[in-house]
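Alright, structures below, take your time with them.
Both complexes shown next keep subunit A, but they swap its partner, so subunit B is in the first and subunit C is in the second.
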Partner chain A sequence: MRKGLLAAAAVLAVSLALREDDFALLLLTRVLIVILACLGLNVQFGYAGVVNFAGATFFGVGGYTAAVLARSTAVPHLFILLIGGAAAALAGTILVVPVLRTRGHYAALVTIAFALLFRTFFEVNDALGGPQGLKLPELRIGPVHFNDAIEIGSFFASFYLKYIVLSLLLAALGFAFVLRLERSFIGVALDCIRLDEIAAASFGVDVARWKIVAFTLGNFLIGLAGALSAFMVGFIAPDNYSFGESLIFVSILLLGGLGNPWGLSLASAVVLLLPEKLQVIAEYRFLLFAAVVILILLFRPAGLLPRPLRRLT
Partner chain B sequence: MRIILAALLFSLAAQAKETVRIAFIGPLTGGNSAVGLGGRNSADLAVKLHNAGPGSKYQYELVVLDDECKPDAGVQMATKAGSDRSIVAGVTHYCSVVAMATVDTFHRFGLPTIVWGAVLPDITYGHDFKEIHRVNGTMINQNETNAKFMAAQGYKKFAVIHDTTDYGKGHDKYFTKFITESGGQIVGDFGVTADQQDFTAELTQIKALSPQALYFGGLTPIGVRIRSQMDKLGLNAQFDGTSGIVNDDFIKALGPLAESVLAFREGAPAEKLPGGRKFLEEYGKQGYSNPPEAYGPFAFVAADLLMQTIEKTGPDRRKIIAGLAQVKDFDSIVGKITFDDHGQNTVPVITKYVAQDGKWVLWEESEYARGSRKLRGK
Partner chain C sequence: MSIIAQYVMNGAMLGMMYALVAVGFTLFFGVLDVIQFAHGDVLAAGAFAALAVWLGLTRLGVASPALLLALVVVAATVATALLGAAVARFLVLPLKGAPQLNVLLVTLMMGTVLRESIRLFYPGGSQPQLFPALLPTSSVALGEFNLRIDNVILLAAGTVLIAGTSLLVTRTRLGLAIRAVAQDEETARTMGVDFRRIVLLTFALGSALAAFAGVMDGLYYNEIFFGMGLLLGVIGFAAAIIGGLGNLYGAILGGFFFAALQTIGAVALPFASAYKDVFAFGVVIALMALRPKGLIGERTSERV
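Right after this comes the complex of A and B.
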């Protein structure tokens, strides 16, 4: 709890210091949004052991829901964010049966197929903007217009500061929620299922139920992040939600250490900021970036911050 | 001694010049990186030539950013360029979907930009922002020329394969429109995803329809696959392509199969204009590891036009926008440039190409035009 508040305060302090630098704030917001999405993936992958290679797709479902609702209805935007999460959770129910019936590599394949299917669905669906994508209106919550710069007396700050505050709030809530979940009996049940399904079932843990809970909760968080991201970028297109993006989400999880929210936060920052810092070397940056990732996994195979052992006493 | 002193003075004078930064944004990684790197090198060449030339008031520096051909990465880079006040203008985007996504960002930051490759009409015509300009033509002009040319060559039955991106769909729309106006007929129209590998299903159906020509609206990677799979299935229709395949990779990947493929590109052919020959010469001298590709000359012209405008107006974003609005009959290596009130170059020259002996050859100079070789499917 203390650690979390300190981290949030640190992020806020850094963004205040950089308040006039739009680009730095944009990057920071992106990191926070990706943390939120990866928290969802962490519940699925890290706790319940449900493999999901369609992270970017659920992210996209949230984004597209936000775009369609914000363009053609008068639903308040704060609700739209939540509905974005709910829509992703709902889309996930399509996958529930095949995910429950398959294991390991096969479950991974199911989610990959789903990701490719949805990508094509976005692309050929002209009502959703087709390959051209959709533009989103400005995010408004109550009296706050998110795309106006902040000017109070002599205090000036980029409009991205508002996005930071909002995404920090959501990421912090998501973080607290995931930590609580891990400590609760649900977390114990999920761990049991991941480690040994048969043993868990013989101890009376309802494997199917908890897998569904984890999968749906995770997708909700991913969709919520996707909706927020769509509003911030102001434009969505299928290219944003390619299979490659899903792999990046998964790699953040593995890089950070499966099951550790702190690890994935650190890894999100590394994965998003490092290629950006390497812009100077243009076309070679992903090469170097890939080398760094391989080195990290070589020397720290369990990730940057491996999950500590659960103590039940 | 005197020479050294002169050299010293000269270098001092050079250092005293104010440095002006302009951004280049294009796809440097991913499937379209060949074109992106060609554009980057060409813009870089423009800056180097300008800095080396006499009489320029400023020292220019090119800030290179990678949009990965993805809208969200594009917006991120546009924000980076726009929020950096030391950058006064930008040479931006090859991919249409990215160029569409960043229009608002450039407007918000008031950064004057010139699009160097994206061909979707809405990029300039979809809004009233004064910041956005474009030196290349749109896909409307390109397909009008293409359709008229094919009709004149006597082709009547066409099958279409296009990718389902905005680029492919737009090409499909305008080509279909112009070819039906010219009396042609589309017997089959197939949309495919931009990363599809196997086209047997589409091509088998097309073969049954026996078209004289296959129109392809898309970029090099799937163009190569379609052309080679046509051969495997024995589909002997003329391959009619768009600007998306006018690059060396296309011919390299296909080898002899590329022979007789047609393609169209906006802009006059650089190698035929006096400035263009110089461009190719200088490009060769720099020893870049990639060729300029089809859109390199446009990136060169966009950078050059920006620098010439900055010389007149000074490095101030608003003044540059005002300066660009005045551009009329600007002589460039891709032909004359005049911006309309949407910042679109209104003098589109479309060049026709045919692949002959492993090279893209101007149609007018090819053996096909002279009649010693024949196009397919006739």
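Right after this comes the complex of A and C.
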């Protein structure tokens, strides 16, 4: 709890210090949004052991839902963010039966097939803008217009500061929620299921139920992040939700240490900020991350910050 | 009538490519119980190696089409066989005993490395590259339908390759060793089978088949692309799983089944044919829900 508040305060302090630097703030917001999405993936992958290679797809379902609703309805935007998450969770229910019935390679195939299916769907569906994608209107929550710069007297800050506050709030809520979930009996049940499904079932853990809960919760968080990201960028297109992006999400999780929210936060920052700081490697980033993940898997399979052992006290 | 024949021909070509890729997946799974997900990108690397060799040879002034074709195919085969064996040696074997998912991930990432390397380091690799027509382009008119000679040659060569692989696995000493390792590694070792050698050879064999699929793809579409391996890999993987992993004939069946789905999706669906992949992958997901171990179950089937 204290660590979390300190981290949040540090992020706020940094963004206040950089308040006139649009690009730095944009990057910081992206990191926070990716953290939120990876938290969702962490519940599925890290806790329940349900593989999901369609992270970017659920991210995209949230984004497209937000775009369509914001363009053609008057639903308040705060609700649209939540509906984006709900839509991703709903899209996930298509996969519930095949994911529950399959295991290992077979489950991986199901989510990969789903990712390719949706990618093609976004691309060929004209109502969703086809390959050109869709534009989103400005995000408004209550009286706050998110695309106006902040000017109070002599205090001036980029409009991205508002996005930072919002995404920090959502990421912090998601973080607290995921940590709480891990500490609860649900977290214990999920750990049991990941480690040994048959043993868990014979001890009375309802495997199907908790897998569905973890999968749906995870997709909700990913979709929420996707909706927020769509508003911030103001534009969505199928190219942003490719299989490669899904792999980046999975890489972040593995890099940080499966099951450790702190690890994935660190890894999100590294993976997103490093290519921007070192412009030379930006072009090579997919290549480099893939190579780094290979090395991690070969030599340090638990990740940079391995998940600490659970102490049931 | 001629349109139906055209679609059948298209489907058969696609099915042959998918079957060749799927056979690789199923061979790898047979010997090591792993999914080698870089397989599709190994294929793409083979196609690009073929193209590079062709460019080099034409620059040197080699003009005989038969010689060119033979050298190009050999180059692609050798390149992918080495690459496949290297993946097994440096990525898959060291992770023996680790969770299966880690192998899937490590090879997925290796695929990304290969794909990005082609995009970044092959001259003009980020754009689709023209692939030369190395086969006679004439065609025979059967009624209204034009049967293209090059397609017939490709289909025949693919059939010969698959039959050859099947014979190799079922009739030779090497095949016996492969089947022994697939059935029980420990026992195979005590019977004097060199486990590492068999694994490396199997990976080289499966990858060489992918090289042919890659050249076939290039000759059929006259174009190759750095990302071509991703989709072919996923489709081959899906085909191998539909046929039941580890089952050679199941993989071939799965390849043609997937091609049939795509063709049916393109022809028979009332809405735009652009949705053919959506349809095909949708059917695969539904199939997995109904028969989680593939059409021919993994457990009950004989492994390779």
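Criterion: the second predicted complex is superposed on the first by the 292 of 313 C-alpha atoms of A that agree within 3 Å, B and C clash if a C-alpha of one lies under 4 Å from a C-alpha of the other, contacts with A are read in each partner's own complex, and residues count from 1 in each chain.
By our rule, a residue touches a chain if its C-beta (ideal position, glycine included) is under 8 Å from a C-beta of that chain, and two chains touch if they have at least 3 such contacts.
Values in this document were obtained by computation on a predicted structure and should not be read as measured data.
Chemist: Count the residues of subunit A touched by subunit B and by subunit C, then name the partner with the higher count.
Modeler: Between subunit B and subunit C, the winner on subunit A residue contacts is C.
Chemist: Considering only touches as defined above, state whether A:E197 meets subunit B (first), subunit C (second), both or neither.
Modeler: It touches nothing on subunit B or subunit C.
Chemist: Of the partners subunit B and subunit C, which touch A:K135 in the superposed model: first, second, both, neither?
Modeler: In the superposed model, A:K135 contacts subunit B only, not subunit C.
Chemist: First (subunit B), second (subunit C), both or neither: which does A:T120 touch?
Modeler: In the superposition, A:T120 touches subunit B and subunit C alike.
Chemist: Considering only the touch criterion stated at the top, classify A:E283 as touching first (subunit B), second (subunit C), both, or neither.
Modeler: In the superposition, A:E283 contacts both subunit B and subunit C.
Chemist: Quick one: classify A:D21 as touching subunit B (first), subunit C (second), both or neither.
Modeler: In the superposed model, A:D21 contacts subunit B only, not subunit C.
Chemist: In the superposed arrangement, which partner chain does A:G234 touch: subunit B (first), subunit C (second), both, or neither?
Modeler: first
Chemist: For subunit A, which residues lie in the overlap of the subunit B contacts and the subunit C contacts?
Modeler: 120, 124, 283, 286.
Chemist: Spell out the residues on subunit C that touch subunit A in their complex, using ranges where they run on.
Modeler: Within the complex, subunit C contacts subunit A at residues 29, 35, 91, 94-95, 98, 100-102, 104-106, 108-110, 112-113, 116-117, 120, 230-231, 234, 237-238, 241, 245, 272, 274-275, 277-278, 281-282, 284-286, 288-289, 292-294.
Chemist: Quick check on the complex: what are the subunit A residues that touch subunit B?
Modeler: Where subunit A meets subunit B, its residues are 21-23, 26-27, 30, 119-120, 123-124, 130-133, 135, 147, 158, 229, 233-237, 239-240, 242, 276, 279, 282-283, 285-286.
Chemist: Taking the touch rule as given, give the residues of subunit A at its contact with subunit C in the complex, in rising order.
Modeler: Residues of subunit A touching subunit C: 51, 94-95, 97-98, 101-106, 108-110, 112-114, 116-117, 120-121, 124, 243-244, 247, 250-251, 254, 283-284, 286-287, 289-291, 293-294, 297-298, 301.
Chemist: Using the touch definition from the top, list the residues of subunit B that touch subunit A in their complex.
Modeler: It comes out as residues 28-29, 33, 37, 40, 64-66, 69-72, 75-76, 79-80, 82-84, 97, 100-101, 104-105, 108-109, 120, 164-169, 191, 193.
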